[in-house]
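Presented below are the structures under discussion, each in the form of structure tokens.
One chain, chain A, links the two complexes that follow: it is found with chain B in the first and with chain C in the second.
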Partner chain A sequence: MIELKEISKVYGSGYTRKKALDKVSLSIPQGQIVGLFGENGAGKTTLMKCILGYIHHDGKVTLDGEPITPKNIIRISYATNEHSFFPGLTAKAHAEFYAEHFPKFSEKRFKALMEFFELPENKPIRHFSTGQKNQFEVVMAMCQGADYILMDEPFAGNDVFNREDFYKVLLGILEPHETVVLSTHLLEEVENFIGRAVLLHNGRIVGDVTTMELEETGRSLMDYVKETYNYRSDRVVKVIRELGSSESDS
Partner chain B sequence: MRRIFEEWVVTNPFAGWERQQSVEDDARWNRRKKRWKIFEAWCERKINRMTPPGFEWKPILNWSVAGMGICSLISIFRFLGRYGKAWRSLKWDIQTMAEYEAYVREHYGVQTGESLWFIGNGKYKDEWMTIREFISVVEEGELISSFSWVMKGVMAPFVYLMAIILLLTIFHYLYYYRETKSIYLMKRLPNRSELHRRSLSLPLILVAACVVVIVLLTAVCCGWYYLWVPDRCIAPGQLSHFLREGIFTMWRGDGL
Partner chain C sequence: MKERLSIVMLAARSTVYKVILLMVVTAAVQTGLYYGWMVRHISPGATWLVSLEMGMSDSFIVLVAGVSFVILCVILCVTGLGPGAKSVYTLRRLAISEKEVLCCFALYNTLVFLLFWMSQILVVMGLCRMYEVLVPVLCEQNGVPISDRFLGPQTVYLAFYRDKYMHSLMPMAEISRWIRNLVLLLGLGICTTTFPNSLRYGKKGVALLVVMVATLGMFCGGVGLLESDLACMVVVLIAGISSAWIALGGVEDEAYI
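Take a look at the complex of A and B:
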């Protein structure tokens, strides 16, 4: 289980000071598919980087009670829209690199996913299209052999068919012990795919619900998000009405 | 013509042997080529493991080797310049020089002692050395500048080269932020030293290669210094003085 205790992160100082995370506490047990939602700047990426120890932060992150160190970081993989592959290396060379450093690297899963996405094995990733790069990023995260797979908006730039197919494949290939934390804006797309939704707003967790709880209350994920964020649908009507009247006056 | 050639091949007892030889040569050549290719691939694999993954290291290696060659040439010229200056500063005994030339003319029929190197297929080389020892043209009691002085600033070009090579380290670290954030993957590796190993190895190996070239060049310069200067003109303890002090001054840029 990944446990975050009172994680705080502040960027900048003085006038540029921005609290990206404010005492966030969260537990992610093994085997869950967690959706991490929030507006731009809510702190989703920062939260993931704190888990991986990429940025300095206050608070404590533990993995099965142990702090995350080179010893156990092998159990976490990360797919990011910033991409973490080597652009000059081919897919095949990446597989060799992963196999060398990650003992649980799954060659079988790599081959299957490469075939699924129809990605070329002997072409430097630099020459892939943006969509292919995203797919490759996800493939590597999935094949590392990690127990916790963190994905930070991995499908930005991919077409809807690719995304939908991928969710299906993901559900099919995930082992029971594998955990996925997926940060995305595509609420409706992942609604049927995730088991739990965590909502972030201004660096704080404002909602944490399982899809089972949602089903029991008969609400959709979108409804829950709108409720949690105090979404006011009347403001849209108001703006349109105001703009409409001002244009007719002129 | 073809018929004559075929007859010749049939009648010539060596024709088959030549052909056989040529086939064997080809096979040997192919074997060598194969072995070289295996060695080349092995080196490539080794260097690939010492550089950031996917990094184009070949141009860097070529430029570094070229840089070492250029620096070696500059260093040799600097050494020869200072060495010549040291020679010119010696006081020459005109009387002894005349005697020396007369002796060489009389015994070997050449104008200068140095010509002994080029006559008789080099068989007078040793005699020239002997003559040089006993009939020197340098004034009695004259001492040539120390080896440390001659070497001052000679290796300065290598300092610049090594500084440039060490800058490569920064370039290697920055590579993990170029185009993508592969630094995230490097930081996630169970072996944390991998990042530093891949960033530092090649620059350090190239710097070590520079040091080897410097040591070799210094040895050549030292040999040259001792070979041409008469022993009586060399102050004792040159090498220990060089190792004590000269080794630090041969890097300075104010050589000539």
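Take a look at the complex of A and C:
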């Protein structure tokens, strides 16, 4: 289980000071598929980077009770839209490198996902399109053999068919012990894929619900998100009405 | 061990072709320049033959080597893991620590500089051989008298003592110069590794500039300049050790707290 205890992160200082995370506590047990939602700047990416120890933060992150160090970090993989691959290497060279460093690297899954996305194995990644780069990033995160797979907006820029198909494939190939933490804006697309939704707002967790709980209350994920964020649907009508009347006055 | 080797291979894969190309182009340019110098100076009407080492200094061999050295530093610093991605995210998820990763990169970079040094020795020896073979032919063709002073059995051996660049490349019996060269290799290997790392953590990579300037300014030295060699070593050691200290400290702070 990944446990975050009172994680806080502040960027900048003085006028540029911004609290990205404010005493966030969260437990992610093995085997869950967790959707991490929030507006831009809510703290989703920062939260993932804190889990991986990429940035300074206050608070404690543990993996099965142990701090995350080189000894256990290979149990976590990360797919990011910033891309973490080696641009000069081919996909095949990446597979060789991963096989060297991650004992549970799955060659079989690598081949299958490369085929699924129709990605070339012998072309340096820098020559891939943006969509292909995103797909490759996901492929490597999925094949590392990690227990926890963190995905930060993995399909930004990919078409809807690719995304939907991938979610289906993902559900089919995930082992029971594998955990996915997926940060995305695409609520409706992942609604049927995730088992739990965590909502972040201004660096705080404002909602944490399982899809089973939502089903029991007869609400959709979108309804839950709107409720949690106090979404005011009337503001759209209001602004149109106001602009419409001011333009007709002039 | 295999894991560390794969890190070295990772660094090699992204730069080795550029490094080899750079060395080949440098060798070709230097050979062309030296050949041109020989042809120009052993022409009809020339009354005396010029020396091997004079050709080394007159044909911009050293300048080409200097430019090539700067390009090599840039290749190792800028190219690194390749722009367009944050590969460091993957490196920081490996079972070996980022400090070890940095050490692997420093080892590779040091080996590259060693290779560059060796390639320059080979080029210079090749030029010496070219001088020995072509000078009699060109002199005969152009009616220039050959003097023992400029072409004899000791010509190449003496040139390695007389010419500053040749002597610094292969300092023969001057142990302090060999040691200085090894310190330079190590300093350059460390600083080209820590430079991009320092920038990533918002620090300045001044150490590399210091070592580069020291190399460019102090590499070519005549025989017996022990003080100059010592000064160069002290500067490079201070720069190398401090940059390694800062870089490794930064890793500790940023990665796992």
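What we mean here is this: the second predicted complex is superposed on the first by the 250 of 250 C-alpha atoms of A that agree within 3 Å, B and C clash if a C-alpha of one lies under 4 Å from a C-alpha of the other, contacts with A are read in each partner's own complex, and residues count from 1 in each chain.
Going forward, contacts are C-beta pairs under 8 Å (C-beta built on N, C-alpha and C of every residue); 3 or more make two chains touch, one makes a residue touch a chain.
Because the structure is predicted, anything quoted here is derived from the model rather than measured.
Trainee: Since both structures carry chain A, what do chain B and chain C do when superposed there: clash or fit?
Mentor: clash
Trainee: Is chain A touched at more residues by chain B or by chain C?
Mentor: The partner with more contacted residues on chain A is C.
Trainee: Could you look at A:83 and tell me whether it touches chain B, chain C, both or neither (first, second, both, neither)?
Mentor: The answer is both, since A:83 touches chain B and chain C.
Trainee: With the two complexes superposed on chain A, say which partner A:26 touches: chain B (first), chain C (second), both, or neither.
Mentor: After superposing on A, A:26 lies clear of both chain B and chain C.
Trainee: Applying the touch criterion given at the start, work out whether A:74 contacts chain B, chain C, both or neither, answering first, second, both or neither.
Mentor: Once the two structures are laid over each other on A, A:74 reaches both partners.
Trainee: Who does A:97 touch here: chain B (first), chain C (second), both, or neither?
Mentor: A:97 contacts both chain B and chain C.
Trainee: Looking at the overlay, what does A:55 touch: chain B (first), chain C (second), both, or neither?
Mentor: The second partner, chain C, only.
Trainee: Any idea which of 39-47, 147-155, 183-191 or 237-245 of chain C is the one running into chain B?
Mentor: Superposition on chain A puts chain B right on top of 183-191.
Trainee: Give me the intersection of chain A's contacts with chain B and its contacts with chain C, in residue numbers.
Mentor: 52-54, 70-71, 73-74, 76-78, 80, 82-89, 93, 97, 101, 126
Trainee: Mind listing the chain A positions that touch chain B in their complex?
Mentor: Residues 52-54, 70-71, 73-74, 76-78, 80, 82-89, 93, 97, 101-102, 124, 126 of chain A touch chain B in their complex.
Trainee: What residues on chain C touch chain A, complex-wise?
Mentor: 2-3, 6, 10, 13-14, 81-90, 92-97, 253-257
Trainee: For chain B, which residues are in contact with chain A within the complex?
Mentor: Residue positions touching the partner: 52-56, 178-185, 187-192, 194.
Trainee: Given the complex with chain C, which residues does chain A contribute to the contact?
Mentor: 52-57, 67-71, 73-74, 76-78, 80, 82-89, 93, 96-97, 100-101, 125-126
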